[in-house]
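Labels for the chains are A, B, C, D, E and F, by order of writing; each one numbers its residues from 1.
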Amino acid sequence: MNIDLIRADGRRWDQARSVRITPGCQPFAEGSAMIEMGNTTVLCAASVEEQVPRWMQGRGSGWVTAEYDMLPRATSSRRSRDRDSGRTASRSQEIQRLIGRSLRAATDLKALGERAVYLDCDVLQADGGTRTAAITGAFVALQLALESLVSAQKLDSIPLVCSIAAISVGLSNDNLLLDLDYSEDSTADADFNIVMTDAGSVVEFQGTAEGNPFPRQRVGEVLSLAARGLEPLFAAQRAALG
Amino acid sequence: MNIDLIRADGRRWDQARSVRITPGCQPFAEGSAMIEMGNTTVLCAASVEEQVPRWMQGRGSGWVTAEYDMLPRATSSRRSRDRDSGRTASRSQEIQRLIGRSLRAATDLKALGERAVYLDCDVLQADGGTRTAAITGAFVALQLALESLVSAQKLDSIPLVCSIAAISVGLSNDNLLLDLDYSEDSTADADFNIVMTDAGSVVEFQGTAEGNPFPRQRVGEVLSLAARGLEPLFAAQRAALG
Amino acid sequence: MNIDLIRADGRRWDQARSVRITPGCQPFAEGSAMIEMGNTTVLCAASVEEQVPRWMQGRGSGWVTAEYDMLPRATSSRRSRDRDSGRTASRSQEIQRLIGRSLRAATDLKALGERAVYLDCDVLQADGGTRTAAITGAFVALQLALESLVSAQKLDSIPLVCSIAAISVGLSNDNLLLDLDYSEDSTADADFNIVMTDAGSVVEFQGTAEGNPFPRQRVGEVLSLAARGLEPLFAAQRAALG
Amino acid sequence: MNIDLIRADGRRWDQARSVRITPGCQPFAEGSAMIEMGNTTVLCAASVEEQVPRWMQGRGSGWVTAEYDMLPRATSSRRSRDRDSGRTASRSQEIQRLIGRSLRAATDLKALGERAVYLDCDVLQADGGTRTAAITGAFVALQLALESLVSAQKLDSIPLVCSIAAISVGLSNDNLLLDLDYSEDSTADADFNIVMTDAGSVVEFQGTAEGNPFPRQRVGEVLSLAARGLEPLFAAQRAALG
Amino acid sequence: MNIDLIRADGRRWDQARSVRITPGCQPFAEGSAMIEMGNTTVLCAASVEEQVPRWMQGRGSGWVTAEYDMLPRATSSRRSRDRDSGRTASRSQEIQRLIGRSLRAATDLKALGERAVYLDCDVLQADGGTRTAAITGAFVALQLALESLVSAQKLDSIPLVCSIAAISVGLSNDNLLLDLDYSEDSTADADFNIVMTDAGSVVEFQGTAEGNPFPRQRVGEVLSLAARGLEPLFAAQRAALG
Amino acid sequence: MNIDLIRADGRRWDQARSVRITPGCQPFAEGSAMIEMGNTTVLCAASVEEQVPRWMQGRGSGWVTAEYDMLPRATSSRRSRDRDSGRTASRSQEIQRLIGRSLRAATDLKALGERAVYLDCDVLQADGGTRTAAITGAFVALQLALESLVSAQKLDSIPLVCSIAAISVGLSNDNLLLDLDYSEDSTADADFNIVMTDAGSVVEFQGTAEGNPFPRQRVGEVLSLAARGLEPLFAAQRAALG
């Protein structure tokens, strides 16, 4: 591994892109946040509904779920809208399931009570890392929505058990790279998406080697790099949440 | 008609909301513009494809068409995504057909040659007048995309025959109101959407009386008011286009 | 403008095609009417349901809505059925929204009570002007259905506030033409669809210039021509309604 | 079996409803016919396309197929359109497969050459026996379309090997009944649909006992009754075909 | 007719393929059976639900229905899954309607009470005769599920009025052939599917001549051959049901 | 962690369920295998097509992809078929993307040439671990299909770079458990799916904590346990492949 490596956009191997989180950008929503990481921009809105989906009713527990989509021209060539085919792209399905699971892990669903929070994560601009940016931004939108429930005296306290944020790591020619952009992602041998709590525990870890299988030993390094890389993201979340 | 009327947001009867057009907000697109009119925000992206749809091929003529959608939380309550039902909402269909027809009227399709421009109009925030804002903003995105074709020496000159912009007028208790916001729109007796050229000709005119039929004579007044109301929009387009 | 113009089928510029309205042609329906205008034939059926759609329930108000479709061989070449694509053609969506809005403007929805009337407008033969013929015919079907509610003592009086009918006008080489047939419609510079009450007020007015933008001044002439052209249609409605 | 039986509408057990076949009712189609049997009305249109479906190409053989649908208010209560669910009703699927198979059995597909005929059978009014009426009417539309190919000198002779027509028989309280109307159909123990050639051979025979299984011996009687009952239908076809 | 005919797989004209019915192969289902007839294999599962579909509620009667599908590679070339097109193949629709009707004819729906049995018939391997095998196998799954209701003391006795089984017959060069395999089926002049009770009555009879119309007289012979051919299937059912 | 733990079905914490792989069970397919792990049964079929999907054409490279589905009664209560909703369940989407990625990692796509292999993984019985069983079984089907290409002299050698197999690990009350069955899976704090090569490298690793975030340190133990647990699966693959 070459620790002197300089990446195409000038970053070091262990350097994430600059992050900016703007809260309240969709004012009709109970909570919202725009997250920008480099050239990736995701708009996250949290909507509270005062009932859970039918299959959850009567359990005394709440629900948190997510939807993920991209504007047609978020990418370098235009992709058609899912509504034309009548089905959510399978990549989007996979991503929104990941976002939903991650946010549920951060939430005390019992304390939320029988209400649901829907997180809409819409990518305005895509340059790699949209799923991890969506998780990091959606957490802010979720907390803002939950704070609004406390302000409205529907809840006594914010039903969150931890903060979560997410980042990607790539393995390319035996080098680990933090926070891949699109061009890095499309040439990596393996890529990893890591969702962690602010206490450093793992909520979700996915590693995929479409190119080359990777040795088990690399997994520990990946997790350490991710943990360090998530620090500025947790800081940006705290700043956005005031 | 009461010309001293002051509207809920402080505007006079013949006063449009302030407008801001930001070009280039989706940099991957050949042309793009964000338009804000009051609390309505629409992101417009123009994508050029070097072939026309199959049914147009071989005519030596180009095509311009539009798609319109809203983010789920652009509105005060969340609406589900069209992809879930597998069909574009009929309101969106009607609107995107209007946008497409209007932009085609501004374009010299023969001079465009056998290529197509797709205008994606996505509403980030909706407070009335989204369809007229989309037309005004999409024209900027379209011109920027056409300019990029000239820059790339694919075209000798910009194949536009005029500038177009659009605005709404309402009829409420016998008062005309320019540029309705959402609360005005939902209580008007009749509402009108007018698309005009910068020379004051009409490209599209739609008047609808779900409440009360209106006298034929009002149509002339509506058109005059719209013509005056469009002036700042044409100015904003020119500013955005540099 | 050339007022001596003779059109391809022998009509003068301000002459509509002959109209025939046959009531009761679908006897299972609460109201029905077949309308023929030249070679355009539309079958209109009104179905009463004793409840409104879910989103309208509890408001003490009724609902009137329309569906529009064509038989596959109503046109000179066969078009496939919407059921194959799983989505209503966007042109049909736009048209059925127009029909529904127009009929609602003629109806006292409060007096109708919490029931719904569905107008099915199916084009058996299409030679231009199907949307305006559908409105004119559907009004007859609607009134017949409402009369059946009075006969059944579910209503005290017919909850209509006016009669409505519709007609098209075209602008072609600076000539106005009343009631375009298909070949005229496909070459017009601009076309207008006008829905009016029998008192001469406007319910819906749509003008579209896919070819050339038109001067504001023409709009007044269009409305006057339409008002005169609608007289025989209102007469045919009255005859059909006995 | 009670041969003195008088049916609700006055018919004898072995008496079909009166039939009327009107050719040419959809003049844009290459062939068309409206068939009325009692209160059942079906509009049949034949469309010729100068190529076969992709899976048939290159075999030097033609194709004949059918689509079947009902207007929403053909029946005593309104049924929603298939396009809303995005799928053809399974009953319609079954019926249109039957119509297509039957017409193919009457056609010399080799002699037709690599072209396809689509038969659209749309029920305007339904009072039992729509599938058999559709077959009888569609045969007329098919022959007219094939005659048009001969007139256009695309074919030397009409590529039909026989005439076909269809009728239903019911078994009710051990009585056979020819040509069931809707009320008879819904109470029969078993019902049969028979498609035959004018020479008395069987093209398709379907017998269904949702109520009570029937003895094998009845099948012969059913076929004899159907053969006699089809005679006036073949006569009506010949009259319509001039 | 040549009674000395030996078929490609060595069978006589009136000889069915060997049959094997394995009960209980899907242990989570209330009843299940795998049926193998030659190289055709169908997995049949019966699921009991303690309510009927909405449109049947309140009649005091039960419901039995079926679904039919094939694994993509049940056939010699792969066919895509119905879920991709969002619609059940019309052939499957036709077949599952036949299976459902046949099983309802064997069931005392009143005695079943307001509950529903769903029969899932999934073809693992297809070599002709899948619809008849599905009926024969589904009857075993149905009876096992009904027995489980008796065991659970939800019913006093098994609400079946008869046993049913099904088999095909083909007509090929004027020879009758019992139980067609795929290659025989694709070249037959006419083919018949017969569903009978163990008492020899007919539940469903379908005869189709896509090739050549057949004389009425053959129908009696077809039914006799089917009746004999069904004997080993009823025996296999009894063995499977212990 | 309690290494003396005995699980509900008698297994030790580090003991997988018994596995059986039956090759050739769908003889029409180019390769097939049935895999049983405890009460989980998955039928895997590999279909070779001599062209790649359109978006891959012209790259000189092959494609391997997978589809995953369950029979309606594979589970303890019946689930409806995806074809009814017209969309693949999002869980199935996620799983089939995992299967496809994993098998591509084992394949030399360049050496495969411009042809595609489709792996159909259909769950006949589901008791946890269906996705991992599908991967293990699909690898056998894939290799058999590739061997058939070598036998047919379309390829010189089998284009596989390694063997792969998959297994799950759970974390429950701080205990690791190998190869979860359904009841264990639904109560685990975290679960992991691991796809490895026979050389012990990682192809895919997914860890999910819907219950409780887990410490980074556990990941190493999980991978070691999985590596040991995969040994009997690789042995069963080798046995099935002869």
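To be clear about the criterion, a residue touches a chain if its C-beta (ideal position, glycine included) is under 8 Å from a C-beta of that chain, and two chains touch if they have at least 3 such contacts.
No experiment lies behind these values; they were computed from the predicted model shown.
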Number of steps on the shortest touching-chain route linking subunit A and subunit E: 2
Duplicate of the C-D contact set - from D-E, A-F or E-F, the pair where over half of the pairs recur: E-F
Most remote chain, CA-based centroid, reference being subunit C: F
Interchain centroid distance [CA atoms averaged], subunit B/subunit C, Å: 27
Averaged-CA centre spacing for the pair subunit F and subunit C, given as whole angstrom: 59
Where subunit D touches two or more other chains, by residue: 86-88
Sequence of chains encountered when the ring is traversed from subunit D in the direction of subunit E: D, E, F, A, B, C
Residue ranges of subunit C touching subunit B (in the complex, touch as defined): 86-88, 90-91, 93-94, 96-97, 101, 104-105, 162, 196-197, 199-216, 219-220, 223-224, 227
Residue ranges of subunit D touching subunit C (in the complex, touch as defined): 26-29, 32, 43, 45, 47, 49, 67, 69, 71-78, 81-88, 118, 120, 122, 124-125
